[in-house]
Amino acid sequence: MSHHLLEFRDVRFRYPDGTEALKGVSFLITHGESVGIVGANGAGKSTVLLHMNGHLLPTSGTVTVGEVPLRRETRPEIRRKVGVVFQNPDDQLFMPTVFDDVAFGPLNLGLPPDRVRERVHAALRQVGALALADKPPHHLSGGEKSAVAIATVIAMEPDILVMDEPAASLDPKSRRSVIGLLNSFTHSKIVASHDLDLILDVCARCLVIRDGAIVADGPTPEILSDAILLAENNLELPLTLQGRPAREGARR
Amino acid sequence: MHMADALLSPAVGGAFWAGTIGTIGYASKRLSERLDDRTIPLMGVLGAFIFASQMINFTIPGTGSSGHLGGGMILAVLVGPHAAFLVMASVLTAQALFFADGGLLALGCNIWNLGFYPCFVACPLIYKPLAGDGRSARRILVASLASGIVALQLGAFSVVLQTLLSGKIALPFTTFLLMMQPIHLAIGIVEGFVTAGVIHYVRAARPEILDSSSSSAPLAAGISLRSVLIGFVALAVATGGALSWFASTHPDGLEWAIGKVTGKDELPEQEHGVPAALKNVQEKTAFLPGYGFKPAAGEPKEKTRETQTPAWPNVDAGTSLSGLIGGVLVLAMVLGIGWAIRAFRGKRSAPPSARPGL
Amino acid sequence: MRFEAAYSGIGRLDRLSYRDTVVHRLDPRAKVIATLLFVVAVVSFPRYEILSLFPFFLFPVLIGALGDIPAGFIAKKVVAVSPFAVFVGIFNPLFDPGVVAIAPGVLVSAGWVSFASILVKFALTISAALLLIATTSFPGICRGLRRLGLPALFVSQLLFLYRYLFVLMEEAMRVVRARDMRSFGKRGAGTLVFVRIVGTLFLRTVERAERIYGAMLARGFRGEVPSIRRETLRPSDAVFVLAAGCFFALCRFVPVPQMVGRLVRGLAG
């Protein structure tokens, strides 16, 4: 199953202004894994994600998706395998209607119209948004936008699903339904988020990034219960692990 | 200042529609030949940006009155004339629909007045030479002011011309001109200041945006752009000349065409109504010797002969009364039909059925 | 305040356009063509014509009623955009003082007649444009324009504009609110502040466009915005255009009110 694997080997990246964002990142993700990426603001999470589908190319080191090494000319192939859902659904959903937006990727893959329609329907059904097909994105609620944003990527049938803050600024109920959605996928998943409870619910494995390097890599429950490690990274224990008697405190 | 459908004749509206669509086609073609992919979303989002910015009001210093942004100059400087024209065209189209600013027939005129002049005349012929490499704040200010003023003056002149060629209003040419041009001088100065300010702001924050646009804006070479523009101006002048001839001989193209096709007998009202009206227009506008848009090519003899004709036909009182009664009846019937449909619908959908989409 | 009023007006038109009625279901191209024919027919009347324009009200009235569009809302919007036409037309009575009889014994100056004609034409054409967008979704109109032959690049601009219009209006509205909350009287709302607001909005827009471009690339964008055909002209669309066209032609070439009036007087007397 080597084609479902993503490997970063000593990836370094320097922005044009000289900032060194990644200082030798290495990890390996195998088929079916769900991996959380956490870290402080500016630690390099987004930069890592942007390397996964070739939006950025490493200054040195290699990124390999399946058998394919990431290079300028292999980017289209890589993008077919790695689907990225960006943080702000308003940036992700750029077409005038939900249907057009979900169809954008499959049409670019060169599929015939009938196959495109099938894919759009399947993807929208999978995220429970089939009824929204003819709506323009600005008529959707935050939760609906997130679901549709995920559908736009699923419709391309990628091998790996990469998400940046999939539940940011959603109300608790919508957040819960996005978590349910993510758990229903059998894809390999990579999720970057500050929402540690979400990571705990969705990802079996967790990477911690600090200053452009991986400082911890292991099973999520272990990593996210290491209070010292979390504190060093501007993070804190997930609420579900804090065991705080929240209710009594609030009622007093 | 948006041109309105009600002030236009089909001939003038149609001619500017044709000119505008031609320019949209030309700009699209030139752009797609050397388009950087990332310009496609950029232009679209900039359209939304201009639309939203035009809704923000600000106080004009010294007057206390409220100003609004045009935006054509800013766009032309920041993304180049072709992209800017397409963006302005899309902004004005959206406004014609959502605000009904002017209406659909006038849309061609409005895109021309507010898009063509800043993008294809003021920016390349005035802003670029004056601003030079765009490093000096003072040169940017001077260039923005000059090009803002010229763009707005041309636009206002164009509105006057389109209105008078259409022959729907009685306002004499010079009077109209004297009202429009000074107002638009003020608006042009404000537009120039705002343009300079925004360009300066963008230059300070993200200089690479300006550099990339100025390097990619001229098409192949400066000379070819110049010649294209001169071609366009010549075309515009020629169109204007042809138009003014057409409009002055037949202020109402459709009217004239109908007369040709059907013979005059079938149009008893227009038979005495229109030619009299149009002669009235001719007579009024012909007193403006200096402007030469008048029918120099027309028929001066007929004009002088008709100078004494009263503006209004002698309406037969009987016809007029019938018309009046009929008009009121027709209006009442139309409103009745509308009311009946609404009442019927209201009854049918009495249980407030959840309408999809709302 | 004015910003928010304009914003909510656009929002309401936009929501209306997604209703599902007989009119909304017509093909966008059919409605665009019919509306253009309507506008051309109306403005082709000579400057002193009023009565013959009345039958044309049937078109907006029918579209509004069948499309379930609130008449008051459209009427208010028509009035809101009237100043320029009124400003220019109001000079007609001044410069065109010839006296005419509009009914036996009732004399007015010809300028008033032509001014009234402008106002009637204005009400007709503007309400038709508003009803077009109230009964046809903006993306639908864009797809219609594309099929009518406008360049793909231009139409994709319109679609992007529509997609981000509400996002950017909200962004601008937040900035304006923040400005007005800390401005007192004329201070704070001046040109310099405005320039900074527009400059900031511009830069944010450019950054947004960069993110959008990234999202497009991630889904295989290669310079073409693809689209999938979804509308087909049905017989009902053709019937609509044909009927509308015939009606406009009839009202344009036959003085309907005169005939109705004569008929009524004939019956009465």
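Here are some notes:
Labels for the chains are A, B and C, by order of writing; each one numbers its residues from 1.
As a convention for this text, a residue touches a chain if its C-beta (ideal position, glycine included) is under 8 Å from a C-beta of that chain, and two chains touch if they have at least 3 such contacts.
All of these numbers come straight from a predicted model, not from anything done at the bench.
Here C is the chain whose Cα centre lies closest to the centre of all protein Cα atoms. Ranked by distance of CA centroids from subunit A, the top chain is B.
Between the CA-based centres of subunit A and subunit C the separation comes to 43 Å, rounded to the whole angstrom.
Subunit A and subunit B have CA centres that are 48 Å apart.
With centres taken as mean Cα positions, subunit C sits 15 Å from subunit B.
Residues of subunit B in contact with two or more other chains: 41, 357.
Residues of subunit C in contact with two or more other chains: 14-15, 18, 138, 159-160, 162-164, 167, 208, 212, 216, 221-222, 225.
Across the assembly, subunit A contributes residues 94, 134-135 that each touch 2 or more other chains.
Of all residues in subunit C, only 14-15, 18, 137-139, 142, 159-160, 162-164, 166-167, 208, 211-212, 214-222, 225-229 touch subunit A in the complex they form. Across the complex, subunit C is touched by residues 50, 53, 55, 76, 79-80, 83-84, 86, 88, 90-97, 100, 103-105, 107-109, 113, 116-117, 134-139, 152-153, 156 of subunit A.
On the subunit B side of its complex with subunit C, the touching residues are 1-2, 4-10, 13-14, 21, 24-25, 28-29, 31-32, 35, 37-38, 40-49, 51-53, 55-61, 64, 67, 69, 74, 78, 86-87, 89-91, 93-94, 96-105, 163, 167-172, 175-176, 190, 193-194, 197-198, 201-202, 205-206, 209, 252-255, 258, 262, 266-270, 273-274, 277, 280, 284, 310-312, 315, 317, 319-327, 329-331, 334-335, 337-339, 341-342, 345, 355-358.
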